[in-house]
């Protein structure tokens, strides 16, 4: 495991994506969730040989399609036109989620509303009165891959930590998250502890004061 | 339903196969079990447009292969080389048995050790001391198709009826058989009754005397 | 039985009656049988239970069926979208029932129906609101929820090509729910760009064998 | 990870150790990975649990593994054949454990393992000897038996072609158990006639996506 490190400035969204991309092992099969995680694909290098899965039925997804390459039959889970790489394959929805649920993906990267210190994930529903719920593939993704990483801002607009003792939002999956990338710190969740791998624009002590869970320097 | 009829002579095995073939509705999807039922395929006409399923992964099976057409990658469930017809399709074992179990086949035709008046089928295991059991697809076939027909000789070598009140052999499937073709009679099982559709070389009364279940003329 | 080749989308859906459960393929626009959905709109069938990944978008297709209150219940994974206003309105008015299902469970429940599986234990959704009231079990330390198959009367599917025996091939990610929905419905109704002769699709490449297909309508190529 | 391209069948199976559970593809000779089985014989691994449709035939392949008492348990649907003498002898001597499974349940249990399904209710086998001691349930008046997934350490599979990313295509009824076994094993080892470049198999026609394949060995064409 990497030792603790710190940088002066907060990470930008692109820097977060870059960091996640660099951490993905060579040759991994990865599903990148809708939203911020999708940005990670821009920083994967050809040498890494990472294969992207999209749950609507494809392995070997390439970059977003532009111009003449746009084909409405070739889209990602966010319904954005994409391209296919040599060695791609198509399959139906049951096979695609079987691939995920069966633990064949090395990793998925998701956004989150909250993550608990035990790796419980909330990212599908605010639980707000009158909100229309929608879940999509969130629950399948959360528990399906061998490792689930989260990308999120660490604090809400009201300044509350999204890394919590116990979820107050509805659960997406229990005990599934093993790493959290935020603009101010990267956390690793293992052995029932929360390790801080790095801080950005904040010291470990400042961070520990703002986050309501016990933190350990990696 | 057909009214009762009778013929002077017992049916030969080929005549039984011919009768079964003639009874299969046009356009049906059918699985013919190993042994005697396989012979039915010789009497299906092109006009009937019956599609044969083999549980080792094929729809649109053609006749047994001979000479140069023999291909060890193209076999039926009895491991006999067969041919493929235009419009055939190949699929894996889980899909093949899903097709059967999901009730998509119109019919399967099987051999039997015993059938009970309620349509319980015994055809996989004699239950004899020291016999090594083997089941193959028998249980899947028995309960999978929309209709299960049996072809068997009505009596054992010892002269005992194989159509019985209750099975003495181990069960393959419960309540699954709806029709039985034998060399001396054709039975239809419905509404908890056993109807005799035809007799061959035996009168209805003679038959009724030899079979230990209540029979009704169709 | 070789499938009926319908003369039009209207002809293809003519047997769908009030109260039917209808599986509708597609994920986004890919694989969405838009002409069949429009024909279902025209044919007047109501009190429908619809199974789709979403609950209609903008002012077309499934959204219009919902707008006209022809759908009494929808089983889907992702109803709320930026342009799902007709669903949102019907839902808030209490005029449509929603069964929300994680996407993979939705797919597996449809697959189970087609495959003759009774109930099954899936890890997806365990410990969540969507498992409330459902039987659960811990197997090897992992939590599972018991889910049921989703059987339907009809499936509306879009494929690329059918042969005259109903064998289907799809195109890219438009495959999505089509192959499993075809297996789970009593009658699968398929719109294709092209109907070809039996024997012109390589048996190795058939995705949906013709046994699952009841009605085919050829609607030509690119829209 | 792209699969390892092994240099020989022996190299391909080198990681199989004593006590492993090994899925072996094939139905009759079709799809049977004979060279990999021979290599498994050579490599010396013992105390194996083997999953195959049969329990070996004549004096070759799996039958020899059984003859040499390298298989402590076999999970299969049809052990007894006219030429299954090595199994028969071992079984009668009480030197091999047999778990007899209806063929469709065997396939579905392997599929469930690969698909991350916990337990499932299947109608096949209900009311029979093979359901004795198993949990059952009546659903809509029909009896079902609860069955478990079959997970394995290795799968030995024969396919027609692999590309360098491990995408597989099969040939005719030799497909049989291969695609599901590839999904249910920690490591799928595949013998193929030919390895081709990534991109040379049409993505629409891939039967086993490379994600399921760990080791490929090219053993040339017709035997």
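Per-chain residue numbering starts at 1, and chain names A, B, C and D are given in the order in which the chains are listed.
In this text, a residue touches a chain if its C-beta (ideal position, glycine included) is under 8 Å from a C-beta of that chain, and two chains touch if they have at least 3 such contacts.
Bear in mind that the values here come from a model prediction, so they are computed numbers and not experimental data.
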What's the overlap between the neighbours of chain B and those of chain C? D
Which chain pair shares more contacting C-beta pairs: B-D, or A-D? B-D
Chain B-chain D separation of Cα centroids, rounded to whole Å: 29
Nearest whole angstrom, what separates the Cα centre of chain A from the Cα centre of chain D? 35
Per the C-alpha means, the centres of chain C and chain D lie apart by a whole-Å value of 33
Rounded to the nearest whole Å, what is the centre-to-centre distance of chain A and chain B, using the mean of the C-alpha atoms as each centre? 55
Shared-interface residues of chain C (touching two or more other chains) are 108, 111, 115-117, 122-123, 170-172, 203-204, 207
Specify, in ascending order, the residues of chain B that touch 2 or more different other chains. 58, 84, 90-91, 94, 98, 100-101, 144
Looking at which chains touch, is this a line, ring, star, complete or other? other
Chains touch in the following pairs A-C, A-D, B-C, B-D, C-D
How about chain C: which of its residues touch chain D in the complex? 108, 112, 115-123, 137, 139, 142, 144, 169-172, 202-205, 207
So, in the complex, the side of chain B touching chain D is made of residues 54-58, 71-75, 79, 84, 90-94, 96-98, 100-101, 125, 130-140, 143-144, 170-174
Given the complex, residues on chain A that touch chain D span 26-29, 49, 51, 53, 58-60, 84, 86-91, 94, 98-105, 144
In the complex, go through chain C and note every residue touching chain B. 1-2, 111, 113-117, 163-165, 167, 183, 197-199, 201, 203-204, 206, 209-212
Partner chain B, residues of chain D touching it in the complex: 27-31, 77-81, 84, 87-88, 91-92, 100-108, 110-111, 122-130, 143, 170-180, 207
